[in-house]
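The structure appears below as structure tokens.
Chain naming follows the written order as A, B, C and D, and within any one chain the residues start at number 1.
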Amino acid sequence: MSADLTHTGLTREQMARRAARDIPDGAYVNLGIGIPELVAAHIPPGREVVYHTENGVMGFGPPPPKGEEDPELINAGKKAITLLPGASFFHHADSFAMIRGGHIDFCILGAMQVAANGDLANWSTGAPDAIPAVGGAMDLVAGAGRIVVITEHVTKDGAPKLVETCTYPLTGRAVVARVFTDLAVIDVMPEGFLLREIAPGVEVDTVKRLTGAPLAVAPDLAVIEA
Amino acid sequence: MIDKRVADPAAAVADIKDGDTILIGGFGEAGSPIELIHALIDQGARDLVVASNNTGNGQVGLAALIAAKRVRKMICSYPRSSNSRVFPELYRKGEIELELVPQGTLAERIRAGGAGIPAFFTPSSVGTVLAENKETRSFEGRDYVMERWLRADFALVKAELGDRLGNLTYNKSARNFGPIMCMAARTAIVQVSRIVEPGGIDPEVVVTPGVFVGRVVEVPNAAHESVLVAQGVTYP
Amino acid sequence: MSADLTHTGLTREQMARRAARDIPDGAYVNLGIGIPELVAAHIPPGREVVYHTENGVMGFGPPPPKGEEDPELINAGKKAITLLPGASFFHHADSFAMIRGGHIDFCILGAMQVAANGDLANWSTGAPDAIPAVGGAMDLVAGAGRIVVITEHVTKDGAPKLVETCTYPLTGRAVVARVFTDLAVIDVMPEGFLLREIAPGVEVDTVKRLTGAPLAVAPDLAVIEA
Amino acid sequence: MIDKRVADPAAAVADIKDGDTILIGGFGEAGSPIELIHALIDQGARDLVVASNNTGNGQVGLAALIAAKRVRKMICSYPRSSNSRVFPELYRKGEIELELVPQGTLAERIRAGGAGIPAFFTPSSVGTVLAENKETRSFEGRDYVMERWLRADFALVKAELGDRLGNLTYNKSARNFGPIMCMAARTAIVQVSRIVEPGGIDPEVVVTPGVFVGRVVEVPNAAHESVLVAQGVTYP
């Protein structure tokens, strides 16, 4: 499948920018580690979004300038953060009460695999020698209002990450609403994957070929404004 | 911009509907959101299910809401007190339902509702009439009763400071049910003594993070139930 | 039984003073409404005790002077209190976490009936027209470390409050460890009631007659230092 | 007089026994009670069951305790990180057990342990391998898994201010598991940056009331794990 790797696609920043446009004004948002973290920098002007990190901070802002990091002011990725006016601290049980109790409106996660029914696998390869580590992912998918995924469309080896059925251990069943990849915006519908938007210069057939499950195409298929 | 501030109590409670479930804060008069309750009386919603620790005093606040026949059912731990005549009268006449819940179970059910925990086991009430018809179960040789979460359409809560994002502090023992009721309601409506700018509350001392709060209304000199009762005030 | 009402016995303050001597130094204590509230004034010198009230205050002190009451600083009996240095406020779920979680060492309650097996009835007569009100009593008896009762030995009508089996609805089963009455200090033992101490001038037979269940007498029966 | 102050970390951990279950605070390095953990290493207790969100970094703190083979079993949500080599090595060799728990379930189990709730239902992990062999149950048409409380003999926690009664505040995101771990341990041992007089913490801003705390030890300039790791420090 090496030929497929030459496809044109979005950069990570472009993927983040597209995903950011989905976040409504006033949303309480939890961003997973990795590409999801990039989303915060791309919220469209005029929207106010409040960021939650599961280690007990609501209302944090961008990373501090180099040299001003506080080892006791970090996010779930253990990276230094700053506070915006109106921030608050709380303990872990309260933090996950926010998550499990449905108070976080929008959650963006990374993925190893997303299945056509919305199943998500993003915490373990299940390999016998892997160190299993789940963090808060299972709580987030169980409790957040809308769960979307940002991921490269295929693995480094070119294997589809959007699949019929996940082969990796699940994070949650039927939890993903939408997937943002470098090639497309794909919704998880009751009938399976639906191609909503496509990256500029990418062919629908390419996306279909790189998707490991049937992919319906929306009648109003749009090109992603990258 | 996120702005949860609402102009006045009337606007804050405008969309409460007949039949809604409402958590009302306060333990006795401490923390009782009298102005919000009075606005709810004016607003007219009826057939309400209200969860609150008590049933109010005199003819103001929660007691006045009950007296106005707006409450179909009370969920509470202690529906009587020295100045509580409204509820007992209606209850004896069979005109209001009562779900009596041990106070700690009431608090935990509300907290569970806010925390996404649909059921839990507690040792409270085991072997009593309040555990009748409830599932019990033994863990490590001790019996526990299973209790369900309590969630609501709205909460009416009194706090001290609030900002446009909904962050709150409370005043002394008026804190009581406020923080957990904000968690458990679809829309928590909070009257505060004073609204401050975001950042006006130290992040370390925020008691209720704004994520749990829907609306904030400033009521600078909130009435005290005991004062109104002593003055013989009747609402409306 | 009118003759029995002439028995000599302890005053409420004396009952409270005797009960106070049982509270160990450093204990976290919850006092019920009524006679139990009087106990705080009688803690022996040299002991530090921290008082909890279920409406969310730890470390409160005596009532304020008349005119200085704060309607938002009250105890579970809805009476005005003051704070001692080191006090704290917390919400209701945390307050009952303290109770249910076994963090309150000592709890003194009133009673309508105490059975020989330690069953307690103190919240309802069960009368059809009574307004049932339970408050935090069922949580306290389920969670506090040691539960003792202060009560008059008999009702106003002269009926025993220490009974074989409670006829009123229970607050909790087998929860009471000791009962302080105006006549005696009585322990709840696996075998039933045991008379430990007796009020000055009161006969053992009088206590037995006014107790509605068999009453064993401790070999080292003492007279209450009132 | 109640005085929970202890002279130093060594005295604070002196009675931890072989086989004890210990909750250790911190999320990454924030809130990690390094000085208490090092005192525990010096003290020598082994065969410990440790619940902590992570497994430490480098060769200090929790990682050093694990490296010293004192831990029989880890209960945690995320036992790896960029600088975490100690746990993975022992785990692959089968020399340490792991109970992997979703982070929110871990927090709720600890909170339940402190609150006297022996079991509760959560939607987290339903349908995954982490729910295998656990009771599941449907409420209002949604599936939940039953989880048990987590209680411990001791907790090691890092806080900010403390008084002789055990009242605590925390510093920023170092709060994380501290308050609930204090609740769930028979004896919570807390290192604080500074001890103040009773009343030195406003009753409104106490985060952990002293009733949950057994011992307080002042550690004025606590080490930061990342600094020690960057310096290549190995303990002991």
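In this text, contacts are C-beta pairs under 8 Å (C-beta built on N, C-alpha and C of every residue); 3 or more make two chains touch, one makes a residue touch a chain.
Here the structure is a predicted model, which is why all the values come from computation and not from measurement.
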Minimum number of chain-to-chain contact steps, chain A to chain C: 2
Each chain counted as touching chain A and chain B at once: D
Chain pair with more C-beta contacts, C-D versus B-C: B-C
CA centroid of chain A to CA centroid of chain D, Å: 29
Chain C and chain D, separation of their C-alpha mean positions in angstrom: 37
Distance from the mean Cα position of chain D to that of chain B, given in whole angstrom: 34
Multi-partner residues of chain A (at least 2 other chains): 89-90, 93, 96, 99-100, 142-143
Per-residue multi-chain contacts in chain D, two or more chains: 108, 111, 115-117, 122-123, 170, 172, 203-204
Overall pattern in which the protein chains touch one another (line/ring/star/complete/other): other
Touching chain combinations (by label order): A-B, A-D, B-C, B-D, C-D
Complex interface listing, chain D residues touching chain C: 1-2, 111, 113-117, 163-165, 167, 183, 197-199, 201, 203-204, 206, 209-212
In the complex, chain B residues that touch chain C: 27-31, 53, 77-81, 87-88, 91-92, 98, 100-108, 110-111, 122-130, 170-180, 207, 224-227
Residue ranges of chain A in contact with chain D within the complex: 53-57, 70-76, 78, 89-93, 95-96, 99-100, 129, 131-139, 142-143, 169-173
Chain B to chain D touching residues, read off their complex: 108, 112, 115-123, 137, 139-140, 142, 144, 148, 169-170, 172, 202-205
Contacting residues of chain C [partner chain D, same complex]: 25-26, 28, 48, 50, 52, 58-59, 83-90, 93-94, 96-104, 142-143
